[in-house]
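To keep things simple, chains are lettered A, B, C, D, E and F as they appear, and every chain counts its residues starting from 1.
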Amino acid sequence: MRLQLRTWPEVETYLKTSRGIIMPIGSTEQHGPNGLIGTDAICAEHIAWGVGEATGALVAPNIGVGMAAHHMEFAGTMTLRPSTLMLVIRDYVTALAEHGFQRFLFVNGHGGNIATVRAAFQEIHAELRAAWGPSAPDIRCKVISWWENESVHKLSRELFGASEGSHATPSEVSVVQYLYPGHIKTAPLDPPTAPSSMFYDARDYRRRFPDGRIGSNPGLATPEHGKRLYDAAVAALADKYCAFVNEE
Amino acid sequence: MRLQLRTWPEVETYLKTSRGIIMPIGSTEQHGPNGLIGTDAICAEHIAWGVGEATGALVAPNIGVGMAAHHMEFAGTMTLRPSTLMLVIRDYVTALAEHGFQRFLFVNGHGGNIATVRAAFQEIHAELRAAWGPSAPDIRCKVISWWENESVHKLSRELFGASEGSHATPSEVSVVQYLYPGHIKTAPLDPPTAPSSMFYDARDYRRRFPDGRIGSNPGLATPEHGKRLYDAAVAALADKYCAFVNEE
Amino acid sequence: MRLQLRTWPEVETYLKTSRGIIMPIGSTEQHGPNGLIGTDAICAEHIAWGVGEATGALVAPNIGVGMAAHHMEFAGTMTLRPSTLMLVIRDYVTALAEHGFQRFLFVNGHGGNIATVRAAFQEIHAELRAAWGPSAPDIRCKVISWWENESVHKLSRELFGASEGSHATPSEVSVVQYLYPGHIKTAPLDPPTAPSSMFYDARDYRRRFPDGRIGSNPGLATPEHGKRLYDAAVAALADKYCAFVNEE
Amino acid sequence: MRLQLRTWPEVETYLKTSRGIIMPIGSTEQHGPNGLIGTDAICAEHIAWGVGEATGALVAPNIGVGMAAHHMEFAGTMTLRPSTLMLVIRDYVTALAEHGFQRFLFVNGHGGNIATVRAAFQEIHAELRAAWGPSAPDIRCKVISWWENESVHKLSRELFGASEGSHATPSEVSVVQYLYPGHIKTAPLDPPTAPSSMFYDARDYRRRFPDGRIGSNPGLATPEHGKRLYDAAVAALADKYCAFVNEE
Amino acid sequence: MRLQLRTWPEVETYLKTSRGIIMPIGSTEQHGPNGLIGTDAICAEHIAWGVGEATGALVAPNIGVGMAAHHMEFAGTMTLRPSTLMLVIRDYVTALAEHGFQRFLFVNGHGGNIATVRAAFQEIHAELRAAWGPSAPDIRCKVISWWENESVHKLSRELFGASEGSHATPSEVSVVQYLYPGHIKTAPLDPPTAPSSMFYDARDYRRRFPDGRIGSNPGLATPEHGKRLYDAAVAALADKYCAFVNEE
Amino acid sequence: MRLQLRTWPEVETYLKTSRGIIMPIGSTEQHGPNGLIGTDAICAEHIAWGVGEATGALVAPNIGVGMAAHHMEFAGTMTLRPSTLMLVIRDYVTALAEHGFQRFLFVNGHGGNIATVRAAFQEIHAELRAAWGPSAPDIRCKVISWWENESVHKLSRELFGASEGSHATPSEVSVVQYLYPGHIKTAPLDPPTAPSSMFYDARDYRRRFPDGRIGSNPGLATPEHGKRLYDAAVAALADKYCAFVNEE
């Protein structure tokens, strides 16, 4: 049910019975010595596709580069400025809203996106109100990260305990290993579990987390764990999507 | 050689021997009754991956939503405003340039992107010069559409002749059929070959081209044709990439 | 220790021993039938002043209008677009950074600001890096809402229990009653404790929360409670400020 | 009659009989060796409050940081870029206009704001016209500096003669001494009356005016003079406000 | 001495002895029943050329469309938004500054431009400072309207007295008649001298000034008067230019 | 038929019978050792005037500074950033559209403008659609460079053959010599015909084309050739204008 794999008459038909759409958003940023740079983009996109399968919902194209300014001291990281990402989200949502979409569930793969995504939602509301006043379309946008639900949370704690950490986690690395089994990387992780703290800008990040990981031991990742996490995430988000589009 | 399937230390290693990267850019827009909405995004992304395989070059994440304002009267079309797309390109290029990338070959899947992409290149040069003066990095950006080469041109003429047209072409539909054989659509095409002319805005476009096609008969598309076109495009662009990064 | 009540030579002297500054940010938005429109602005500004007294830190001028687009269906609410607020924060921080300030603790009075404030911090980092590269100043920005600490949290639960709610709370109304005893308002609150849920845009907000409150009974507010909350907030934030500026 | 000290139902009531509002705008910038950095912000805000008291008009929150780029070589000065300040004014006015406010009298405390404020007014008209065409709201914006009236002008000439100067004037310093008697500063002023000329950017400003003053001797300031000037300004602006809102 | 009539080697030579340049800026807006829409653009450009001849200074291309939002209810008026005009001025000045120009005298033909032009100058200073800090180029920008000098002022009072008015004045119409004798228009002017007042937006302007003039009787214009005014303006501005570029 | 030489009532009358207007756009950039910096601006403007004469169409004021970032290493070149030029075009078109103009033929003098101009057209369509939806005005914009027609093409090939080149061409230099016979420059051209290739940014341009020319020998230019080219261009574009405004 990827939008990109439909024709325009099919979308026209879809809109007769549904106003909802799933919007994957990830990031392209370092994920430690053995995590793929596309980890967040891949998780968001594939989990969104899974939710689309499970619910019959359309899935928009992925926003594969997010807000990762704080990872920029590691080679290969890409980032949109928050102001750019806000415009991208504005354009995605308003384009789809022209066709009649009104319920946008953003399936997020990167914690660093959330502030900007939420700011973007308010920017959209403000712009539509400025242009249309009381006749602005009734747009509802919501963002949920794929791990923000009880079942994934419980599972990752069970599988990895305190070694889950918060960046380059064994959970997300597992999901990617499950999805891209041909691209499993091994690399020395020293120390096995990375240090953990908050951080400020990109230089500060690199100083605190020299190999890019925060608090995690992604050496524990396996494709099997990944499958379980993936399935749990899809199921949980499918429920959330249905609740969202049926909300009054 | 997708950037997203690498780790940051692998990218660091890559940069020791190459400063080049391939940047796919497509569009998410109506492609007539039997063409997928993702046609341009899919072509650009997969051909870029092919070029990456052929040359050993890294391939950045796809810009899957382009400038398609003129298709907005057809359900499911998405578009970035030109001003947004310019910022996206600016952010992609400058992020990668921070790591040392300096040669950016944009593999394009949508004619409607080109003006904005070229404007973006100049905006990047102007911004870098404003910030850095004579010590600005030596960035080179180039955009080539995948059909802009003698071999693809010849092949599509041979296969489809005057029915190639200029939007929702049998060539691009064939390539997508080859890449996504599970999503081949059939739909009545009336007339078989669509009318052809230039156009202005989205309403004008719809008025002139009621089913979205321009001058094309995508009913002639087959996955077999698609494979030939795909291979021809990859080979031609691989040559162009090598020439580009080796240019003085 | 308000910056505005100092002279420039005094600030020059201050900078010899400290690089820290406190940045109050509030909002000007409806706070239900008996809450002042300036509630969030007043709380943020006065608590910031208290923290300045307690720590000897300078306090910048208040950002008194924040991001309150979702309250716009109630008369008197003001809002900056997220994109505007980001520029304001950028300008505040970069102006002060030119003089040598490097540690910016935003004392926040409005939950609706947080996403935009965090996006602004990343925008600042990205802009400085674009302009200055590795020689960009070592800026650290942090935002804490005045109720985000154990002592205020405990106290408000003790004083108001489940009637605290999340907008137009008896806690914030109490603090304002303490600070502006001449402007205590009484108004019927029906039901005494307002309904609670999440919400989307301004129209949706008004539909769900007809008098503007969310989950709260601000009829329980008293100036005496306000004093206790104010003192607790100042003490907690003073500790946090000291930890922040002394962090390595 | 500060907007921030009202509730939303009170504002709703106010709008039944008036469409006018007072908008203070100042600056946070060096004011010489003995003038407070907040001089312009304090004058604008307090005089606006006085006008509100005198006329029953609502007073919006202060824009306390203005356009002071030319003072940036003095520690503690803050500034918004003109483009940012224009957006702030746009957001303030359009937010209030949504509720029905239509007459905006900006009470200004800083000469350096005026060009940007006037440009902002035209930007607002242009934006509203672009969005609404002939049905745009009938907004009127006007800016008056508090010293731009015969009575203040005469009084400051009488009190300070040629030592009034044009920045860090004894008049504005007096008003602040009257309003903040606990923050009267003394500092050597050498020469007693500062040099006077026009100027270009911040470096040029500092070169010409090493201690920040232009043409003034703020050593002549007293709180008593400040009270007289304050009262004169409030009375004059109250008249102007009434004329403004009653204009056809 | 128009820049556009020089070659690049000639400009390179010029820059060896001068850092100054004249920047004409006008407007394309209604000028009443018998005034040309290009009045302000023509006056600014031709007077700038005259000053260039008199002083040997280079003259940049005219900014022929200015900020005329308030004239938009009259057919043919064009306007840049203030925010656009600021960017245009930013680009003109920074482009020329890259080559070494540092003294920019804007010869203005339209009062409505001044606020925006001044805001633009500060924006330029702020941007350059943000990008370059203490090593920003020493740019000086100044704007003078062609009638802002004693000799033109005296002459127009002598020629037209109270019928000069403030828009579509007999002075500016005369200058244009002198410069474009083949385009002298006659039209009934009723009343001969137009009403005069201040105004707000474009609708308000049209309501107050139904034929576009403010306070003027352009029926008094003659090409002979125009020549005298033109010569006076050129002479006065030539003096001002010399003083400006020689200022320390 | 220059708009600037008309009065507003004349424009009102014009609009009763025509919705078309001609929009010249050039550039102010180096044109080699003997080409004027204003070459592109002059050609566009004068040819547009010629077309106006031939067709009775109004001609808007010239956009005399275009997108010439790649020429910035040569003294005297001016450029707008693409993002600025897009706003200028947006403001020009939307201002004129308010009066009822709907057909905008941009007569272009500089190849480097085209990408940005085309991006601007799409930006305009997108903005109008966002603001007005289905009731947006039916705007049509088209850009044609003055040499993009069979008769000019043939003539320049006949006159200059392979020495025409692509920048600082004998054709454009001839046209300017015809229009400004008092400003014909002579300068050594070494080699007579300049090298030719594509190029990237400004530094790369200067490195490849040390005197600014690309592939041309402007030493072949004569005013007589210029007259023939000018006449051919005017005739060809007059036809194109008529076809454009009469298109359904």
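Basically, a residue touches a chain if its C-beta (ideal position, glycine included) is under 8 Å from a C-beta of that chain, and two chains touch if they have at least 3 such contacts.
Listed by chain with UniProt protein names: A, B, C, D, E, F = Amidase.
The shown structure was predicted, so the numbers you read here are calculated from the model rather than taken from an experiment.
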item	value
If a chain touches chain C (Amidase) and chain F (Amidase) alike, it appears here	A, B, D, E
Interface composition of copies chain A (Amidase) and chain C (Amidase): same or different, split at half	same
Chain centre separation (chain D (Amidase), chain E (Amidase); CA means) in Å	29
Intercentroid distance (Cα basis), chain E (Amidase) paired with chain C (Amidase), Å	46
Chain centre separation in whole Å, for chain D (Amidase) relative to chain B (Amidase) (CA means)	53
Overlap residues in chain D (Amidase), where contacts from two or more other chains coincide	72, 79, 81, 83, 98, 127, 129, 131
Chains touching one another, given as label pairs in label order	A-B, A-C, A-D, A-F, B-C, B-E, B-F, C-D, C-E, D-E, D-F, E-F
Chain F (Amidase)-touching residues of chain B (Amidase), taken from the complex the two chains share	67, 69-70, 72, 79, 81-83, 86, 112, 114-120, 122-123, 125-127, 129, 134, 138-141, 200-204
Touch list for chain E (Amidase) against partner chain F (Amidase), complex	2-12, 15, 28, 30-38, 41-42, 60-62, 64-65, 72, 74-81, 83-84, 87-88, 90-92, 95-96, 98-100, 180, 183, 185, 187, 212
Partner chain E (Amidase), residues of chain B (Amidase) touching it in the complex	129-131
For the chain F (Amidase) and chain D (Amidase) complex, residues of the former touching the latter	94, 98, 127, 131
